[in-house]
Structures are given as C-alpha cells and as structure tokens.
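In the two assemblies presented below, subunit A is common to both, partnered first by subunit B and then by subunit C.
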Partner chain A sequence: MADISLSEAEKRYIVDGVKLGIRVDGRERLDYRQLEIETGLVSTANGSARVRLGCTDVLITVKMEMEPPPPQQPNDGQIHFFVNCSANAAPEFEGRGGEDLATSLSAMLDRLYSSPLSLDTSRLCVVPGKHVKVLYVDVEILECGGNLFDTVSLGVKAALWATRMPRIYITGEDGGELEFMVSDNPQEVDRVDVSNAPILITHLRITENLTVIDPTPEEECCGPVQVVVGVTPKGLITTTQQLGAGTFAPQTLSASLKMEVCGKEGREVMLMCYGEKAEKRRNKVLSFMDRKRKKWCLCTGVRIGREFDCFLSVLRTKWVTSLC
Partner chain B sequence: MGLVERKLKVFYRKTKKGNIIKVVREHYLRNDVWCGYEGCRECECEKPILDMPDISDSTLVPEPHFIMIDTNVALHQIDVLCDDSITNVIVPQTVVGEVRHRSLPIYKRLRDLIETSSKKFYVFTNEHHNECYVEREAEESANDRNDRAIRVACWWYKQHLRLCNQKIILLTNDYANRDKVRVMELEAYTTKEYVSSLKNRPGLLDIVASGEEDKGEDTITQRCLYAPHWSMDKIRQSLKTGKLRQGCLKTSRNNFLEANVLVEGLDKSVLIQGRLNINRALNDDTVAVELLPEDQWCRPANVIIDQEKQEEENKDKEEADEDAIKKEDDLLAAGQGEGELQPTGRVVGIIRRKWRQYCGIIKKNEITESIIKSRGELSYEQAQQRIDDPNMQDDLTNSLRNLNMLAKQLKKKRIDAGALVLASMEVKFHVDPDTDTVVDIVAKQHLETMSMVEEFMLLANVTSAECTLKHFPDCALLRRHPAPPHSNFESLLVAAKSQNIELDVSSNKTLAESLNNVTRDNNPFFNSMLRIMTTRCMMQALYFCSGTLEPTEYADIIVHRLLAVIIEADRTYPDLLNPKKLADLSQHINYRHKMAQYAGRGSAVITAIQLTLYLDKREKKKEKKNPTKGAEPMEVDKIHAPEFEFNEKELFVKCGSVIIRPFDHLKIQVTVDTSDVQHQRVVSKLIEPIIPGFSVPSLKRESSEPKETTSKKRKK
Partner chain C sequence: MEVISPEGLRQDGRTALCLRDISCRLGLYERPNGSAYIEMGNTKVLAAVYGPREVRSLSKQNLDECVIQCEMSRIAACQGERVRRPRDQRTRALSLQIAGVFHAAIRKTKYPGSQIDIYVQVLQADGGVTSACINASTLALVHAGVELVDYVVSCTASINKSMPLLDVTQQESASGCEVTVSILPNKGSVVSLDCAHTLHLDHLDEVVDLAMKGCQQVYKAMSQEVETYLQDKHAIMSHR
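What follows is the complex of A and B.
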C-alpha cells in the first residue's frame, strides 16, 4: 500500500529470510507486531478507539443516531462504515488517491458485520418500524505502516466494545405510536455486544508455499498477493477476499493455514481490552506480547488483576480446513 | 492559583425529531473561588459581600452566623428571603441553576435579591470550586446530586469559616436533606424552625409558606371531573383502526343528560347517557365515540329531565360535583325505559365543535360568557311565515317579532349613520329531489328575517370590535372596507349618466341617498341593477390589526380568543398580543380572503355551466332567464356582428337602427358551448331586440315564458 521502492537484493533478503523462518524485524512468520489499543479518547463520540500496530495507526469513532429502519428490516438496527484515508497517512492518499482503498475497506467491513452471527442488530431496535439505533463507524487512517485491514478491524471491534449508548425507556403510547425517553442519568448506558464480532487476518504470500501474517510495508512489496480472512471468536469465517494480482495455490493456502495457524499447537490469539478503570488512565496505555505462552495478548492493561478480566474476547483462529 | 482541572460534563438529549445527541461540555475547576466574607484572611476576594453582624436574632442559633439556602427554600420561601431581616445569605450556584430551571419568575426575584447590595446575598460558585465540585454517581438522581453538592458546599464553608471563628447554618425545607446535613455535623434547620426562632421579627412567620415541608413538591393533586379528551392524533389513529366512531352529537330534546350520535355504518344511533359520558360535548358537535361493551348497553330513558329545573332544585344545596352527577345518574337509571337496547358509548374527544355565534349575550354592550339555548330551528322562510301570520301568538313567534322590530330600529340607525345598502342578486335553483334535476330557477327572495339576522350579526361584530379595541388597543383584529378611490366609480357614473341619473359618490351617505332616489316605474329591477353595479365598485374588506365574524374563519378564531380573554374565560398567549404578528396575520387573511373571493367568482361561472348543462340535457337549448347574478357580464359576440358601433362617451352600442344602452331590456339565450370539451363556455345570444344577422330566433314558445328578461350589457 505504501509506496516503497526496494532493490532486488533487499527483496531477496526478505524472501530468503522468510524461507528460513526469520523475518527482518525478528518475528516469526505468524507473529504480530506490537499492538496498542486505546479506547474512549473522543469524548463527543459514543465510542472510540485508536489502534497502533507497528507503524500503522488508525482512529475509529462510533456515533449513534436514531432513525427509522428500512421497511424490509423493521426490527433491525443498522451499522454503517465510512473510511477516510488521510493524506497524512501516505502521500499517495492526497486528493482522491485514497478513495479506492477506503471503499474496499468499508466494503470489507460491511461484509464482515453483515451477518447476525457477528453482530445482532435486532438488539439495536427501539420501536419496531419506527426508531432503531444506527451506528455510524468512522475510520480515520492516520498512518499507514502495513496490514491496514487487520488494524482497522481490531479498531472497529474495540470502538464498538467501548461504545456507550444512553439507555432508552419506552414511556408510553401516543396515538398508537410508542414514545420513548432518554435516561437522564449519563451513566446509565447500554453497550454493544461484541462477543461475536469478527476480526480480519491478512496472509501475505511470500513464496509458493509460505505466507506471513501482519506484513510490514517492505514485506508487502515482496509478495504481490494477499488473502484477507474475516473470522469470529468461535472460528466462523465470515468473509474472505484476495488482494493484489497473483496466484495463490489453494493447496498452499489451506495447508499453510491449517498447519501453521490452528495446527497442533492450537495457537490462540487472545484479544484483550482493558476495563473501565484502565480507560480513564489511557495515558499509561501499555501493550505486551507473551511469546513464551505462544499467545498474543493484545492489551493495554495497566494493572493486571481485577480489571483485567474485562477483555474483548478470546479468539481462536480455528481455520476451517475446507477453506478452498 | 487559577485553573486546576478540566472536567467533561456529558449528557444525552433527545431532539424533537427523535434523534439522540450526546452533549459534551467542558467544565473547569478552579482554586480561586472565594468565600465572599470580608473578614476572611484566606481569600483574596476583591469585593467581599458578606459581613458579620455582632448579634444573632435567633434563639435557635445564638451566635452570629451565615445562612446558606437550599433550592426548595429559594423556590417556596422567596417572600421570607425578601424580608429585610434576612441578610448575609450564601446562595450556592447549584441553587441558582436549579431555580432558573424550575421557575423563571422566582429566578428573577432571586436575581434581584442578589443584585441588591443591602441584602448581602452572595452567590458561591461551588460548581467551579475544585473542592466543592461533585460528580454525579451512577445510582444518583440529578436532584440528589444537587442536594449533595449543596451539602458539600456547606461543609466546605464550615471548615473554611472555622479559621475566622464564624458559623454557617443551612436552611432547607427538605427533612431528609436536613438530616443528612446534620449527619455531617453541620447545622441545618427548616425555614419555619428558623424563622419562628427570630425574636424581633414575629410577623415574618406569617409569610412562611406552610405545608411545603416534608412533602414532595409535585403532589398537587388535581381533581378531574371529566375524563380528559384524547389528543387529535390518538383519535385519528383510533378512528382508523375502528376503535372509535365519529358522528354528530344530538342532545335529546326531553332529557338533557342523554344524547345520540349518528354513526356511519351502524343501523342505530349510539346512545350516550350521563354528563360524564357526554364529556362536555354540545349539540351538533362532531365527536369521537367509544362504544361500550354490549353488556353495558342501555335503553333510552323515558322521563323528561329538564336542566333548568334540576339546577333550580339544586341551587340551595351546595352539592359537590360528584354528588350531583351521582344524583343525575340515579335519575337516569330510574327513568330506564322499555324497548330495545341501544348501542351505548361515551365521548372521548370532540373532533369539531359546531361553532355557534358564541359572541355572548350582549347586555349594554357588555360581553359575558354564555351558552345559547336553542329554542328551535327555523329557516328564514319559516321564521318569516311565523312573523307574518297574525294567528300565531305563541312565545316564540312574539319574540321573533320583537327581534324583528329591534332589527328594524338598528337598521334605521345604521342607515342614518350613512350605511350603504347594496345588492347582490342570488339565484336559487329548485331541484327535484328524486331526479336531481333542476326544475326551476328563481331569484332568491329577500326576506325580512334575513336582514333581521344580518342586523344582529352586524351588531355582534360591531360590539366585539369595539370591545376588543377597548381592551386591546394595540392588537385587536378589525375589518374595514377602505373607501374606494373615485376611479372605481367611473364606469358606474358613465352608465348612470346614460340613463340620465346623477349619483353623488362623495361619501357613503350621499351615495346611499342618491341610490334610494333612483327608481324606474317601468323596470322594477332597475334599482337593484344599479346597486349590483355599485357593489362592484367597492373595495374588498380588509382585515387589520387593532373582529368580525363572517367569511374568514381564522379571523373569527382570533377575535373569539380576544373576547374570551376579556371575559376572563381564557388566557392570552404572547403571539396573540403581539401587534406585529397580528399585523402579519391580517395581511395573510386579506390575501386568503381575496383568493377565496376569486375562487367564488370562478365557481359562479362553473355553476352556470353545470346548470346550463342540466337544462341542456333536459331539453335541448332551452331558453332561460339570464342569471343576472351580477356574475359575468355576458359579452356580445362581436365576430358575427354586422356592424357594431360602440360609443364610449354615452355608453351605448349601436347597430344599424338598434341602440342598446345599459339597463335596456334584452332577451338573451344562454347555452353551453360544448364544442371544445376542454373548455366549455357559457354562450349568450341576443334574441331581442332583433338585429338582423346577429340575434337569434327564440327557441321557446312565447307563451311559456312571460317574464321579461333584463340584462345589463357592457362593451367589450
């Protein structure tokens, strides 16, 4: 995505390294870079999150509005995604340069959340056919350092998790129409259930039978083709998409996913988010990776203890073998 | 010193459209909010407001002290606070905010107190004080939070004033709050407790509003006798779903506690019994009715219950409304007749009031609230017959005669004052009810009773106009006919001149007189014709701000509202009394009125076409009387005319030897030209006088139409 020129020798260096199981920054093939998630930083929004994955930096805000539902879905709330690629993130985004990427990102997010199995929109309904909650998710790309899809999907999940919607009471009926009222207590809020919300995991093909996850911009130059997979914590694949022009041998893909991602080790990606109190001290956000336990702890937990149990979800990437 | 912390105040608000917005406000906390006491060495207050008297008047608090007030004290005991003896009061900002939110008049009084320097009221901005600011807790209501903020402020003062050996007490009317304050080892009293302890101000206790303590503030129980009417929206919705029925309410003639509603789709009318079920609806109102379940259906009572009689009987006993109603219900139950059960219901709302001329009864030009009691319904003709028939000597007829006499006097007075009598002929179509065809067309007769009603309507108008003008010199809504400019009369004068008539148009009165003098023996219609023409010269009535009934209903409503205010049956609202708004409204009414008149004139043509069509269908091209109507001056079709000369000066049309002047007798034939279906026209053709090549032969047998036809003819 980012426009980086590498010499043949540099590319060779990266590719040969991956073949030997060593990446330029010292990671293994299926390692993520350091991840930081901050939530609740935009006070005027209902929910917000900022995610940094390596050099990639995205800001996500969620705003709630009350709208009439479309007639064909009178009982469902809605979720809309809008992605803006700021020209600050990459020079080529200037003008309308980022539009294509932004459209493909928002289309991907739409697909990711289109299933009721990933987000139950019926819980956003207030008065059937009249008033439903509509969540507007705005994604701002602040810096583009590779693996944008994964970062954005993590950010969206975190922002939805952090979303606080004022509690709404049905107060009565006027002329056959239900009337509602907003709780006057700002602390009385409803949350969005994100326990089944999926994230995206991108695999970059480096050579015929080898893929890496969370590629850096340099690595992205070496492999022309990537596959993006949307998966829920329960291991349900909700969407897949191929990026870039190139062939992706099915056997290679499925074999490598099966063996390396969910294989015998049952590698887990644990996705955690800090609780209420940690949120208040977001200036002290940390993150860590627990390599020894072969777990990816994506967290900003300032304190490990009571508050730490507030986590987003435990995500097991059990890849379905019948992917191809 | 200065800014210490920034807080965010977050709350959610529902907009009118139903959207929910999150409002985030920045809130700054400071450490330089001073206590306002001049003897304080801690604070760097530039203009301290509070000083300390040496002695205390109170037996409850013997030492000199400051008073901090709670919101409910400011809201309910503002009179006490206004007393001169109450000084050195600390008003927390929280209280000021709450008072402003709850009651603007009291807020204004509180502000005035704060402005008065002798009262020494100090507003303590506790909300911005970094030690006094409290954040609302999860399970806390906004009220509880404010109470806590006041307590914290009081506590802060106590600690602060301890340094200079001063004391603070909190006045509150809320026992719960008072006890909570005492738990914090602060002194707190209710207003009553405190005021009754003041030695030198015994009279002050009298203005302490009593009964406010302990009770919640909003427990004023309202006793509603009648069930409230449903909202229009709800009625509309329920009518759609069939839950309600609508119809016209007819109160029973022999039982004022019973009414019937004629509902479409039901064989029988719906019976409504009892004052509560009728629910303030009056005869002829269009009401929404809820049917009761079938086991509650009733038979109409067969007794006569007269309202006046009932009222007279009850006059001496001061009965509660409920008792009276119960008694009435008993009366109804006792009179339960025999016969079939009738669908029974209750009125839940009034869709449209039948607006009667509720201008009130006019006694010595005074307006009072009254309900018109109808003694009977009479058409103009029926009333006229009663008046004319010397054999009728009943009360009703005699009162009609009296009214008529009064009307005549009123009319005379009006005419003497220069009122102009103008004419506008109306035609009436006699329609055969079975076949829906027009049988005959006659000019509408002018009956005495018509002018009788007219006189009283005028009187009501004039009276209400005078009355509103007197009470609301700025904003009464009035109507006037502007004096027409002289140019308007030119065509009339020329026409009159051709008949050797001079009209004096310099004023209402002169015009009225000169019109009265003009008669033609050979033409009984002549005077009317002239008056019709005069009407056309007049200006349209203009509504202007500073009432009347008649055409524009909205003007009516405004005037009725003003009248209601005068007799104190209603309250005003700001827009009603805003002269500019009313002036704008008058403009709008004028515009609408003019448009309505255009529409009316337009429809006259359409009616003519339709009627001619009727006749046309019946008997092809029947010659009929030209509806003089004062409507469209029928034009002479010039195209086929052999040679017409039009003399503009003397206003006549000449063709060969035939000269046609205004007001000449003509016989014309009116037909509808249907050759162009898109644009059907009324075509009139000349029959008499005969102009070769132009006039047409009469289609009618002369014998069947003996009447002479008159028409005014003008040049195109």
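What follows is the complex of A and C.
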C-alpha cells in the first residue's frame, strides 16, 4: 500500500480536484467504484465470497467447527477473524511484511462484530456449556487497491450470508458424552442471519472540511487521516476508528458520520435485493474465469453500475437537504 | 474405497490415463507485472509475478544474472481441514522448489542485477498442487513478458496395483504415490522430478513416461489459452 510515491504536483492535482468536487477517476466525493460480489467459489469452505471494489480484490472463506465454549460465554457461539495479506497483493507483504495490516484488519473486524445486535451468536449454540459452533472467517487479500476496510467488511457479510452449515442432530447419549449426527442432506442447512450485520465505511480527509469515500491508493497518499465507521442497516454505529497521522475538525467528523449512516442504506438495499434474486436464480459461478469482466453482482448477472449510481444519487440529495 | 473400479473408471469418472479438466486465465490483475489463474480439476492456484525490478536487498544482488524468488501460500480453506498457518515449513520448501525450476527456464542473463518475484496462492488443493503452482507461474511469467527458454509444464502421475494413473487427486495419491514431473515441452527435457510416498524402481520408468505425456497435453491447453489471450488483445493476427 505504501508502494505508491507521488510528487508534490500530483498531490496538489488530486487535492485541488477534490475541492472542485471531481476526483481523478471522474467520481464525485461520495461515489463508490465498480463493485462486484460473488459467492460460493470455494467448495471446501462452508461459505465463501469474493469482492472486487475497483482494484481491490479480497477472498473471504468461512469454516464452521464445533468446539467447547469458553467459561465466560457458555451459551454463545463464536466468530473468529483471521486476515492474511498475501504477497500477490503487494510485494511489500512478502514474508512478514503484511502482518501489521493484517492485525489491524482482524482487530477491526472483531470489534465490528462484537455487539450481539450485529450477529446473534446464541443461535450458534448446539449444547449450552458443552458444544458450540465456531465460525472461522479467513480473509485473503488478493489485490490491494485502496480502501481495504470497506471491501473486507462487504466480503465478510457476503460470505456469512452464503454460509451453509449442515444441520446437527443429537442422536443420543453414550456414557455422559453426547453423540451427534451431521445431516448429509444438502437441503438441510442452517444459515447465518446477517440482516443486521454491519459494514465499514471509510472517510478519508483530503483537505480542510472535505472527505472522500472509497479512496484509491493515490488519494490515500494525499490524505493525512481517515475515519472508519462500522454501521448496521438500522443506522447503529458499532465501531469507529481513526487511522493516520492527522486530525479531524469536529464538524467534519460529525458530518461524515451522518453521511455514512445514509450511504449505508443504499448498499444494504442493494445487497438484500440481490441476495433474494440470487436465491431464486442460481447462475453459474464466474469467479476468476470471467473474461469480459462485466459488472456482475451476486451471480445474478445484472449490470449493477447504473443501479448503484441511482441509489447513491437518490440518497445524496437527501444528505444535502439534511445538512443544510 | 477402490481407486479404480472393475470397469476401469476412477472416483471422478475418468479413465486411468485421462487428464483432469484444465482451465486457465491470464492477466487478472493490473498491479503485478504478470498474473495468471489455473484450475486443474479441483486444484485452483493463483500466481502473480513482480519483475524484473530492483533487488530488495543488495546482499542478494547478482550482477551477472537476475535473482529469482518464489513465495507460496495457501488459504485457510484450501483443504477439508482448516489450515492454520498460510506459510509454514512445507510451503517454504515448495517455494524453493518452484524457484529452482524456473532457474532453468528464465533467461537470467537478460536481466542482470535485477530480481523476479513469483508469488503463488493456492486457493483449493486436491492433488497435483506443485504442478498447478508451476503451471500457473509459467503463465504469469508469460503474461509479464519475462524471457523464457520454453514453457515449464508440470503434471503428476501415479501407479495403483500395476496400473499407471495420470493426474492424481489427493485421495488417489494418499493410497499410492505421487510423482510430479516438470518438463520443457518443446525440448522434451525434464526440469524437475519429485516423488511423494513410495514407488518401486520397476515402475519408475512407466510412471515418468506417463507424466511426460500428460505434460504435453497440459502444454497444449496452456498454449491454447495464451493464444486466445493474445488474440483478444489483438497482438497476433487471427486467421479465422
């Protein structure tokens, strides 16, 4: 991520463009790049998703295991996040270079899902006090093109939505130990309820009072500080974190937090409605073999570019009126 | 479970000398100089090449030829059991092996004082992982435009109850052996030979021959894909 070096002139160009309301790739301040989400790529995992936001590519896999719960929380399942920055993404992640970034990402995801409102972990319990389901969410960064937090959180939500856990039946007791039977029927699966799962939104402060959403690596070089906020569909903020060596003026901070709550809705609606469509039409998984790179979303084959801009533009007008 | 049924079919419906379906793709990402993805049956591997570029640590610099480094990692869900560490001793050993294979194939004297990095990511592993990694790296090097003596193509073979098998899955190799052969297909010379588990010396010749034949078939599939990619980019004239 720090491999990009920009000259002062290039930085001025980016900053002045943002002041005029135009970014280098033609987007406005609050526009997202092209977003593609696909689920069900890795058949060895319970759930998987691949998210591509502009040049950033992440692969998330979810695996379920049964384990005894910790004594403090005997009735709740658990969810663990592991992030791996592979050297494919950026050469400086070779060996142990990507560990710092990986640690901060997994800590962020832990905090994001720490609230019981975001993910109901009591439903992951099999036998209270003895056996609970543990979800291991493994994030693999395939290409690093700016705005990792958003992409990873979208991917985690998509992968959790796509997770299919075989139903577990308790068949009997054998000398104090319970016996389990795992269902072989592919239709008998348990799903994870992600309707309240939060996602992260990153605001990067480029210059005085102006923030941009979904920064590219070049913009990340120019901006001194960014704030990452985790928001649920109902508008609750689960976590915030400020990253970078800079400061936020209080007005800028509160304005960006308000915007994030609104911007959240657009994406949530899109994810939910495409999720329903994906259930009804099971299209062929394109994943890495897609030659034409059209804008597919959740395997439904619908061009999302225009719809997405529509959503955001509708919400943007609402923001302007509410902030004035 | 038997590896080969009495009718002569394997677990996935192939005959003993049949190769798995191969699909590959060049040029997935913009940031690395070269990138490729290959699927050999259920084994899926992604490779990225950065280079030739400046050497990272001057102590490793060689002013006569380029330095080749490889790093291989596996994602957690690549096998049935969750893999806890993406890079461990085994992947380090395989990385050194892959780098060694490309020492023979890359024209190192054309890039003195520089470094070529090959990064391989195993997304799903079902037998023939080393071959898939080598094939994906070759495609990524071709995409990056690095000068190669020839493609490096790799395939696995095994033997089960005196019946030679081509392109074995993990289940099939667990009960027998897995011989991985890498060749330069146009010259027909062997770059690397690697055997896992035990193989009787009497069977060595026929297994290696079978693997080399399999390599030629893999080469056909890979060069077909490279041609399609180049035609899409209008680099070569299409005669259709």
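Just so we're on the same page, the second predicted complex is superposed on the first by the 247 of 324 C-alpha atoms of A that agree within 3 Å, B and C clash if a C-alpha of one lies under 4 Å from a C-alpha of the other, contacts with A are read in each partner's own complex, and residues count from 1 in each chain.
By our rule, a residue touches a chain if its C-beta (ideal position, glycine included) is under 8 Å from a C-beta of that chain, and two chains touch if they have at least 3 such contacts.
Computed from a prediction, not measured in an experiment: that's the story for all the values here.
In the superposition on chain A, A:Asn84 makes contact with subunit C only, not with subunit B.
When the two complexes are overlaid, the chain among subunit B and subunit C that reaches more residues of subunit A is C.
Of the two partner chains placed around the shared chain by superposition, subunit C is the only one that A:Cys144 touches, whereas subunit B remains out of contact.
Within the superposed three-chain model, A:Asp57 lies in touch with subunit C and out of touch with subunit B [touch as defined at top]. Residue contacts after overlaying the shared chain place A:Glu94 against subunit C, while subunit B stays out of touching range. Of the two partner chains placed by the overlay, only subunit B lies in contact with A:Pro166; subunit C stays clear of it.
By the touch criterion defined above, A:Pro224 lies against neither subunit B nor subunit C after alignment on the C-alpha atoms of chain A. When the two complexes are overlaid on their common chain A, residue A:Met66 makes contact with subunit B while staying clear of subunit C. Using the contact criterion defined above for the overlaid structures, shared-chain residue A:His131 touches subunit B, although it does not reach subunit C. In the superposed pair of complexes, A:Asp184 makes contact with subunit B only, with no contact to subunit C. Touching of subunit A by both subunit B and subunit C, each in its own complex, is seen for residues 43-45, 65.
The residues of subunit A lying in touch with subunit B in their complex are 43-46, 64-67, 131, 166, 168, 174-177, 180-188.
Those residues of subunit A that touch subunit C in the shared complex are 41-45, 48, 55, 57, 59, 61, 63, 65, 82, 84, 86-91, 94-95, 136, 138, 140, 142-145, 288-289, 291. Subunit C contributes residues 23, 25, 28-32, 35, 37, 39, 42, 44, 46-48, 50, 71, 73, 75-80, 82, 86, 117, 119, 121, 123-124, 232 to its touches with subunit A in the complex.
The touching residues of subunit B, when paired with subunit A in their complex, are 8, 10-14, 18-20, 22, 24, 136-138, 140-142, 231, 233-238, 241.
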